[in-house]
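Letters are used for the chains, namely A, B, C and D, taken in the order the chains are written, and counting of residues starts over at 1 for each.
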Amino acid sequence: MHQPLLPLKGIIPPLITPLSDRDRIDGEGLRRLIEHVLAGGIHGLFLLGTSGEAPSLSHELQREFLKLACEIIDHRVVVLAGITDTAMTETLDFAEFALDVGVDGLVLAAPYYFPMHQLDLERYIRELAQELPLPFLLYNMPSHTKVDFGIDTVMALLDLTNFVGVKDSSGNMHYFNKLIQLTHERPDFSVLIGPEELLAEAVLMGANGGISGGANLVPNLYVDLYDAALTGDLRDVQRLQQQLMRLSRLLYEVGTPPTGYLTGIKTALELAGLCSGRLAEPLYAMPKERRQKIQQHMQDLGIFEMIVSSNN
Amino acid sequence: MHQPLLPLKGIIPPLITPLSDRDRIDGEGLRRLIEHVLAGGIHGLFLLGTSGEAPSLSHELQREFLKLACEIIDHRVVVLAGITDTAMTETLDFAEFALDVGVDGLVLAAPYYFPMHQLDLERYIRELAQELPLPFLLYNMPSHTKVDFGIDTVMALLDLTNFVGVKDSSGNMHYFNKLIQLTHERPDFSVLIGPEELLAEAVLMGANGGISGGANLVPNLYVDLYDAALTGDLRDVQRLQQQLMRLSRLLYEVGTPPTGYLTGIKTALELAGLCSGRLAEPLYAMPKERRQKIQQHMQDLGIFEMIVSSNN
Amino acid sequence: MHQPLLPLKGIIPPLITPLSDRDRIDGEGLRRLIEHVLAGGIHGLFLLGTSGEAPSLSHELQREFLKLACEIIDHRVVVLAGITDTAMTETLDFAEFALDVGVDGLVLAAPYYFPMHQLDLERYIRELAQELPLPFLLYNMPSHTKVDFGIDTVMALLDLTNFVGVKDSSGNMHYFNKLIQLTHERPDFSVLIGPEELLAEAVLMGANGGISGGANLVPNLYVDLYDAALTGDLRDVQRLQQQLMRLSRLLYEVGTPPTGYLTGIKTALELAGLCSGRLAEPLYAMPKERRQKIQQHMQDLGIFEMIVSSNN
Amino acid sequence: MHQPLLPLKGIIPPLITPLSDRDRIDGEGLRRLIEHVLAGGIHGLFLLGTSGEAPSLSHELQREFLKLACEIIDHRVVVLAGITDTAMTETLDFAEFALDVGVDGLVLAAPYYFPMHQLDLERYIRELAQELPLPFLLYNMPSHTKVDFGIDTVMALLDLTNFVGVKDSSGNMHYFNKLIQLTHERPDFSVLIGPEELLAEAVLMGANGGISGGANLVPNLYVDLYDAALTGDLRDVQRLQQQLMRLSRLLYEVGTPPTGYLTGIKTALELAGLCSGRLAEPLYAMPKERRQKIQQHMQDLGIFEMIVSSNN
């Protein structure tokens, strides 16, 4: 990531991983999906995150996917890649691979098997950082990793020059507002919000952007909301937010939380003809009745029209 | 609460309860504190909430306090009173007392001993509502009551005409944004935010105001932030928010969470000469070294000056 | 509690509170229930605990109930009374009342509104203990109070001579085994288990007995299991445990956890003709279909026969 | 695992993985450790579990370790191997490898990144089971995987003939007692307890044995306790339990929970001269002062003598 790219900003969708079979990529779907989100005006892409189901894919498939996606994207936008693993050696090896295929930055969540303490976490990140070949963001995801990057831990790590930001998916806006305060001291540092329902307020309060999963489906909605928040147009913000909240309720709450978001979005992408809706085990696609509900909700929300218009 | 008062809006501090001894009111302190916050421009007062330590006070003292506070306030601003109890009969008796002493509205959290299910909770609120003599807000406080008022529960209760709003202290802004969506359908319905660190974004997103504990100490800061958010002045919002976040860190994080906020604010009020800093058992005032830290932080933050200026 | 009573031991049912209406005692039911459990050979009674729904009863009703129950029991077994309240003054007043009506010992859970820290908790118990007119047990109930009495806190309080035991309802047997170790040093100290599914192993490992809710219904089953564990008859223990586990599944898991135990037992008591099954708000009796399920399960378990035989 | 081996029973230590450097095996230490536990009379070995830090080791190292350990053990006792991974394909590949190097049975925890629902979990295990080349146990480890194998899920899977038992590390003995009830219907099915502080009561109540981490260090203590519980000698059980509780407190509570157990045991093994005490990142060995504390506690507990005597 060249200095001019920093701080990272805008809408950076966490790309889902289209799968045609168990541990097999839907290559055509991937190509369509990437062109779709690029057409929607997004500012970057985050590959192999939670929405990308990276931990459910074999190491080999993760590499194959990263290589292919980078080829398709071909540097048209900045590319971030998730490198989190429970084994440090695997994380480092994968980071080298990411460098080789042209990734711009890395994203690192806490190792997610052993419950972690802040001091061990800080030491671990510090040791890793010294061997990482690219700038990295920390990815705060306590619902999956069982631990937050405490604000003191983040502050202690700010001296690492390749530590260039945090993606926060905790949903805890008090914590997020503390992160925003950190950018006053390091202007190259990015603070990005995970949950899309919090995108608008995050940007209004000073955040740099969002890793919004829904932008896989209707990227322009998220880009518009980001723009409205950036310029402080509260009327537009509240209007687009109302639309987003309705989408969130109708698509993400059909399946069971906290993965209803992921099954909802993959189902919708398949129904929109963009790519396969298959999930990687241990998650499974929705049963038929729920799929029909999603289909109906997509019509009610005008998603099909939004997708067509965004691609023209 | 006369219809013209609805929806409730602005900064409505959860008044702390000044205590001179175990289960005894510091009457002079109370008088000074009320005049102080009124001078700061606040829009209403919430008595006997969590910050008011209501559950730690005897039933008798709660009545004595409510009567005295209402006399001092003397209808200069709208007054809300907490009536939550684990016993339904006690809640109803206290609601009648509140009516008698001139309270405008009631605030009701979930009964907090038995872990509750949503259906029981809905039924309980519905039964209570039919016997309450005043309009009421629900008070969502899961860190203390072990249960959220689920969004579906809130929606199901919207047909109760005396149910006029929600105070949400969950800190979960996704949930809060769902509450805001409800106000589009019932314009007399108030959505108020508890945690003051989230006040600005709540108002920017459409909330009616905040029950901000820090407004006991520096009411004008919260009133100014509310005004800036209401008018969409993002530059001012971010500047005042930075000030508030600093205050929050320096005063509320000296004591241990999650009650460090309460011990911090009571200590600061005592150091500012407004009222006694004694807490009601089972909470206890800070040890000396922490008090000195608070004193130092108040100087660093310019709190003493802010208090003087707000009272002139 | 006279010294000879210590350590407390055996099966001490947490008596449920029979209610004929909102905040009104079913006096006849109470009489029948007390005679029923006494006939079953139980070793003591614990009034106004969680199973007694004390926090859901008005202060006045709690007093009325305690007086009446003590009169009926008339010192035939040792009587413990719950005195937990969120307000210290109320707890102390109620303890005096308990002394007046002839209670032998007090039971004290953590105050359950504010999340507590161990140091505050220790200080609070210590201050209370100095004013309590009777010996007391601590009641560890983290699912309802949000806090454990940490093992270090319990140890620190062992110097209080009127602190005579712990009732542990945490379900955490590692913690419970630590409590048992404490009895090696203070032979007058009782360690009693709450969840009845853990009664057998608790006694096998050295506990003094159990506060078993199911003993409201079939006291002899619990007394027999206690006796078998005390004498180390593993074959009998495992046979009776199998019976108890079946009862637990068929009666307590019909309603929703964690209060399904309470609704199950009250329903069963009503179906057995012992007393009213009404619960105190905010809990509610089971709907009809579930009641029928309980009825069927009671037949399958042979509960009706067990009750008849225990009363002859 | 040949039918005669079932049900699995006795003390089956979860072998720790001795490491000489980052992602490198301490081969000599491994050899000494295996001879040490075999000399202590243990009944089987569980490789690459949580105590074995499997998720922190690279895939390559896991294979190297499994092969080497199996060669050293050379079928002297039954060998179980952990095959849990977040990616299904990796789990299946590793299971084949385990078959090739002579493992007797497999151990499978829930995939530990995505929060799981019971229905997905059941489907996932069922699909995996059909492709596993060896009998397997489920490993219930909610503190690390964020999910329990619900008792209904376990029951639903009992029709799988290669599903031969559960290792439960939840610490929830109510749940564990439900598991024990299942063995009444399938006598080839094993129920093994994880936390060693619960070993005695588990066996007294009918469990088949324990996966006791402390048996890496003093295997004979655990074997003796198991034998005492099996024969129902309560006096011996309580005496040995007192010894075990003391060891647990003095060795496992020096480091921070919940991994203080692991750092304690690895430190003790190094101090006893058995193998390297290095942990796999992201966990780290204890600082010097804590190591000295462990050394002192080992002397107080007589661990050094116990180790010598067990090896003679």
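Definition applied: a contact is a pair of C-beta atoms (placed from the backbone, for glycine too) under 8 Å apart; a residue touches a chain by one contact, two chains touch by 3 or more.
Since the structure is predicted, the reported quantities are computational estimates derived from the model, not experimental observations.
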Which chains, if any, touch chain B and chain C both? none
Looking at where chain A touches chain B, is over half of the residue numbers used by both copies, so same, or under half, so different? same
Rounded Å distance between chain C and chain D, as computed from the means of their C-alpha atoms: 36
The distance between the C-alpha centres of chain A and chain C, rounded to whole Å, is 50
For chain C, residue numbers touching 2 or more other chains are none
Treating touching as the only link between chains, describe the layout with one word: line, ring, star, complete or other. ring
Interface with chain D, chain C side, in the complex: residues 171-174, 177-178, 181, 184, 195, 197-198, 200-202, 204-206, 232, 234, 237-238, 241-242, 245, 249
Residues of chain A touching chain D in the complex: 22-23, 50, 53, 55-59, 61, 86-90, 93, 110-117, 120-121, 123-124, 127, 143-144, 146, 256, 258-259, 280-284
